Every structure is written in C-alpha cells, then in structure tokens.
Amino acid sequence: MTLLDIDRLTKTFSGLRAVDEATFCVNAGTVHALIGPNGAGKTTLFGMVSGAIRPTSGRVVFDGVELGNRPPHERSLLGIARTFQQISLWREMSVIENVMAGRYVRTKAGLAACLLGLPSARREQRETKDRARDILEQVGLPERLDNELARALSYGEQRILEIARALASDPKLLLLDEPAAGLNPTEKARLSETIRKICGVGVTVLIVEHDMKLVMGLADRVTVLDHGQKIAEGSPADVQSDESVIEAYLGRGAT
Amino acid sequence: MQFFIQLAAGGLMVGAIYALVGMGYSLIYRASGLLTFAQGEYFMLGAFGIYTFFVLFDLPYPIAVIAVLLTMVGVGFASEKLLIGPLLRRGAGPIHIVIATIGLSIFLLNTAMMIWGSQGFHVPSTLGDMPVRIADVYLVPQNMAIVVIMFALMIALHIFMNKSRLGTTLRAAAQDKMAAAALGINVSLAVGLTWGIAVGLAGAAGLLIAPIYGVSAHMGLLVGLKGFAAAVIGGYGSIYGAVVGGLLVGLVETFTSGYIDSTMKDVIVFAFLLAVLFFKPTGLLANDMLED
Amino acid sequence: MDTKNRTRLFMVALIAALCAFPMVVTNSYILLIATLIGIYIIVNSGLDIVYGYSGQITLGQAGFYAIGAYTSALLSMHTGLPVILCMICGGLLASFLGMLIAIPSVKLVHHFLAMVTIGFGEIVRLLALNGGELTGAADGIPFIPKLSLFGFTFDTTGRYFYVVLGAVIIMLILKQNLVRSRIGRAFRSVRDNADAAAAFGLNVRRLKVTAFTVEGFYGGLGGALYAHLVGFISPETFTLQQSVLFLTMVLLGGSGNLWGPIIGSVLISIMFEVLQPLGQAQMAIYGAIIMGVMLFMPHGIWGAVSTQAARVGRRAPMTEAEALDTKGRS
C-alpha cells in the first residue's frame, strides 16, 4: 500500500532546478532510502515533504491526502514527523521533556487546565510521560538519562533522542535527515537496529543518508537522485549494480 | 508658508543628529549582527567630552574635538573588547547582548551623573549663537554645520566602508568571521574598530549638539530612542536608511511641535516607531531581518 | 527520605517560619520590606514566565504593575466592590491589555521587542500622569482603602504580610503547575529552538502571546497588592527604572526556575535598602550587576548553584555494552 506518493515534484531556485520532476512511491511499513551525490536535491525534496519548502510544481500525496502548501504543523497532525540534519533538540530541557514536548499536537490541555492543575491535565500529563518513556525504551535510551538535559548527552545519544522526539507524535511517516552523520561505527549499528525496530512497529521510514553501507543494509527500497532527477530505483542490490548510479558517484568521486 | 519652511529646516537639522546616532546603530548591526541599547549614552558622553575638554580643560576647540572623537572611538573599542566580545565568546545569545547593553547604558548614565552631577551645563558655540537669516528662514549656524557634517560623515563612511582597504576589511570580518580570519584579517581588531566608529559617530553627534541644547546626563535617553527609531524606520542595518529615517523623525518631531503641541512630540515619534515596528519592521526603505 | 519529600518538608518548614515571622519581628519597617519582597516575588515570577521560560525580553513590567494598582485603587474607591475583587480585576485587566499589546509585538525579537515593551510601560505611566482627575495625575491617588475579608480588616503591615504570603503561595503553585505542563514545555521549546517547535506543531506566536498574558496577571495582581498595602500610588512608582529593577532581580536570582525570582527579589530588595545612602551610585551598581550577571552568571545565582550541585553528582558515561543494548532498561 502506498503511503507517500511523490508525483513529478519540482523545485526551482532562481533558475536552478534543485529537484526535477522526481517521481516515486514509498510503501507503508518499509524503510525507503533516498540517496545521491552531494547537491542531488535530496534535502530539498525532503523539505517539500515536511512542509518547510514549497514545491514549484508537482504533488506530494500522503495517505491519500494531497499535501499542497500545508504548513509543517498540519503535516504533523496528519502523521508526518521529521528529524533535522543539524541537531535541533531543545537543549535546556531534559531527555524525557524533549520527547514529551514532541507530543504536543496529540495533547490538548488548555491554559486554565494547566494553571490550575486540573485532573484532566494531570491525567494527560501522566499519559504523555508514559508514552515518552515507552518511546525512549524503544530507541534504547535508558531511564537513568531521562532527567539529563539534552545538551549533556553525547552526540550519538542526541541523534537518537531526535528520533525519539519525532516518534512522540505517533507518526505514520518518519523522515530521517542524515541521522548517521557524525556517528561512529558502533553508534551507526545501533541506529540501524533502532530504525529496523521502529519500522517493525509499523512506522514507515524515509531516510536520506550518505553512508552507503548503512543504507544498503537497512533499506527495503532505494531511490537515487542526481542533479535533482531520479536516475535509478529498486532494491539495494539493484541500485548498487546500476551503471548510471555508479557513474553518478564516480563522476564526483565515490562516497 | 514661511512657518512651514522654518519648521522643515528645523526638522532637517534636528534630524541630522538622529541620523548620526542611527548610523551608529545600523553600523553595529551591519558589523556584528548585534543590537545595542547604549548609543544614547555614548551621545551623552560625547557632549560631556566636549564640555570637559573645551570648557573645563580650556583646550582649543579643534584639539578638544579631536580629543573627544579619539576618546569616543576608544570607548567604543573598549566596550566591544570588554563586554561584547567576551559575551560572544561565552556563547551569549542576542538577548543576552541586548540585556548587557541595557546594563551598560544604565551604568554609563548613572556614572556620568556621579562624575559631573545631574545639572545641565553650557558649552559655547564656536560659530556664534546668533541665528543667520537665509531666504526668510532663521538658521542657527551650529545647526547648519551639523547637517553639513552629517552628510559629509555619511559620504565619508560610505567611501570608507566600500572603497578603502580598511573598510572592506571591516565588512569582510562582519560578513564571515571564519573566512576573514582565513584570509589573514585580524577579526578581533576589525570588529573592535567598527564599534569604535559607531560609538564615535554618536559621540560626534553629542559634541556637535552640545552648544545648542546644553549638556546633561539625561540627554542621551530620548536621543538614543530617536536614533534607534531613525535606524528602524530607514531599515535597520542601512546607513542611508538611517539618514533618511533620521531626517524623517526630525521632521515629524518639529512639525508636531509646530502644528500640534510641543509636549506631544516625543509621544508622536514613539508612536511612529511602534507603528513601523508593528506594520513594517523591515523599515520603510531597506530589507533586513530582525524578526523571528 | 527521597528528594521529593525532602523538598516538601523544606517548603512546609519555610512556610511555617514565614507565618511566624510577623509575630517575631515587630519592626514595622522591616515588615514592610518583607511584604514588598513578597509582592516583588509575584511580579517577578510572572516576568520569569516571559523571559525565563518563553525566552522573550520584556521591560514593561511596571506597566502591568501600574494597571493593576490603579485599577484596583479606583474600583475600590468608586464602586462598592470588595477590595479582593478589585485586586483580581486589576490583575485581569493588566492581563487583557498585555495580551492585546502582545499580539502585534511577538513577531519582534530582542532589541525591537524590548523597545515595544518599554513603550508599553511608558505609555501606561504617561496615561496615569496625564489622567487628570481620574488618576490624580502627578499627585496620584491617596487614601486607598484597606483590604477587608469576612469582616476582618488588614490594616497593619503585619496582618497584610499574611495576605501577601497567601497570594505568593497561590501564585507560585499556579506557576509551577503551568511550567510543568504541556504549555510550560511548549514555552521552553519556543525558547530553545522556535523553528523546531514550529515543525512540531506549536503555534509559536500564540504561545508567546500567552506568556505575556500570564505575566500581565502576575504584574497586575502585584500592583493591586501594592496599592492596598501602601495606600497611596503615583506615576513616580511605575517608571522604566522600576521595570529594570524587576528584570535585574530575575537576572541576578536566576530565570527559568522557581527559586531564582525569589532569591533575586530578596537580594536586590535588601541591597536597595542597604545602598540607599549611596544615592545615584545605586543605579550604576545595578547596571554593573546586569553586565556582570550576563558575563559571569547568565543563569543567575540559582543557575550557578544548581550547576555546582549537578557537577557533584555527575553521571558516568555510557559504556559500549549499554550502547548496544537496545532490548530494555539498563
């Protein structure tokens, strides 16, 4: 079943076609990787799915709904969540608070309820905290870190926390923007396992990543972009042996 | 009609002062992306400077002026080195810098009161106090000099920043510190100098205005505010914008004074500033980022 | 016993000590200062919500303070409303006006927002100054009625101390409820990274306005309490200098937590009394304090103390085994 449908998506920045009629589908319950040499347009395409960037033309259809120009917070409600290339955690909040705050759109206690500490607000708070703890367990961040400030975590832990936070809104689609950047091999292995686990509980993952080994071992399907255009698509094995892909990478220096 | 022209002339002349202070705000923003609350107090210090050197120490006027300008540039440089720079190095955000400059302005204001007292002082004008009549309009020579000097400084600043080697260096350091440092530019010196110039501009405004309006510790508050308004209205970060903004503020002020009520002039100027901030924060002229 | 219960016990002991305070200390001047400190704690806690929690600069506290004071004073003198209701109305009006002014203002940041908040405070003061017969203009409003509840009149400072103490406790409980709630977390995510907050569905502008709205009530209630304590108000009290003083208290004590505003209120108030003979130098010292705090203690005293305490109990870094363990809690 198709969860995300990218249909001739195009983005032009003052004459430069960053994304050129890109078309592909992401199936529900899979890990789909988006790869390509630097400057291929991956992050721009991501931005158009997450709502940060407006397409010049083309459509993004999510779960049967055409996204159009909906702002990011509406897409959040529909079930799209994302992480960022640069860590954008809320550094002065604790680990568990970051995840709880990520769940904002799924909670509704109002100002009065919060100020007065009404039972409805308290109940919702408990539920939010429990859900946050579950997610943290899922991604493998131990309970003793819960009350540590986000900025006190190691780089690798922060990357994982970003994913946990994105999961907090119970998304159907998780957009991961270079989650392995800056991680050491041990951390990468752990990341891979975590992503597999997330997919296992039903979250679809669309991942942009440079680390080929990680991608090939993790992805169910791979789409390759070069100069904004899709040049290949298929299983990791197909794509690895595709000539145009090899040329695209070798032409710039292999990754 | 003659009344109108008189007011317009007056407005341009007082506006020149705001333009000078405003140029300083924009220059600092251009140079470091930072905002400062202390320009008004530097203006006040410039005025006290000329009082101290010209009246108290009885130095010849040109020497006194040079002394004041050098002192103010030095004070600006020191402000950057002792306060702003260390704050940035410790990872302070813009909000901390703004608060720190609030503290600085309070410190300068009250220290000035402690040093010189809270009464007003008089500085004689070297151009004479008698108004001169030019085409049906009475103009005080000192005021005219201010306008001329303001335009001269504006042009000089433009030439300096864009055509001279040192100026280009300052701009490079402002745009990209790392790249500038890689090119061998002493970024620390460049940023300090830029602050020095900006503060020097405010100080110059102060020394020029002293013979007309006198010197007192609180003179910086309103001028600082109006100079800020000038920079905002013209487009924060733009030198020419600050000039246009300053003249505009001056005109609004004098016309309010002349046609409505002189007690309303500050309120009207402030309302003008708020209106621009609410409806067109990027200024009436240029484009710059100052919103979230 | 564990930390939570230890904190609770400390709070109870503190409140008990404060209840005993007016019975032990009979010097009415000291009682006045102590009561004022309580009022400042309320105002500063509201300020903390805007600055410490939502990360916005604000220099308009004196405006809220004034609105609450004048509203409560005038209502109590011209209508038959009981003083307690007048106070609440003062808070509500300040809150409402805060919301109105915040709506167009929150798109601005830093210096520009500061300017608007200064403008707000100054306009309120100028309105009071030029309010003619209604506000008493420069002469102010004298003979403000005392607070009476259930027939009991709080006409001495000692008695009023309990009123303020009660108000402080209530307002601080409300603040703690708020900052621990989803809205409190939303404030902090706006402060720490507004773009990420927006990406996670938060309406950043609306949240910023909410912060100001809450601050308005705290400031207004503080002003109302002030009016009925001192019995006389005039525009001289509600100056920019007062706003700066409030901000200094929060900066020095520490923002973004419960105790910082309390510590700051106590310290600066005591400093104010002690430094009175210095006159002008006082404000210069506050200016220096602001710069010093920004340079050396940006999280204030409470921040510095907490960091030290945390350093003592620093956690061990994660081992590789833990890193690979994705199964469950370690």
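By written order: A, B and C. Residues from 1 in each chain.
Everything below uses one rule, namely that a contact is a pair of C-beta atoms (placed from the backbone, for glycine too) under 8 Å apart; a residue touches a chain by one contact, two chains touch by 3 or more.
Keep in mind that what you see is a predicted model, and the values were worked out from it rather than measured.
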Report the topology of the inter-chain touch graph, choosing from line, ring, star, complete and other. line
Relative to chain A, which chain has the most distant C-alpha mean position? B
Can you compute the centre-to-centre distance for chain A and chain C, using the mean CA position of each chain? Integer Å is fine. 40
Centre to centre, by mean C-alpha position, how many angstrom separate chain A and chain B? 49
Distance from chain C to chain B - Cα centre to Cα centre, in angstrom: 34
In chain C, which residues are in touch with two or more of the other chains? none
For the complex, which residues does chain B have touching chain C? 35-37, 83, 86-87, 90, 92, 94-100, 102-111, 113-114, 118, 225, 228, 232, 267, 270, 273-274, 277-278, 281, 290-292
As the complex stands, chain C meets chain B at residues 55, 57, 59, 104-112, 114-116, 119, 122, 126, 194, 204, 244, 247, 251, 280-284, 286-291, 294-295, 298
Which residues of chain A touch chain C in the complex? 50, 52, 72-73, 76-77, 81-82, 84, 88-93, 97, 100-102, 104-105, 107, 109, 111, 113-117, 121, 124-125, 128, 137, 139-140, 142-145, 148, 154, 156-157, 165, 169, 186-187, 189-190, 193-194, 197
Chain A touches which residues of chain C in the complex? 173-174, 177-178, 180-186, 188-189, 191-193, 195-203, 210, 214, 256, 315, 317-318, 320, 322-326, 328-330
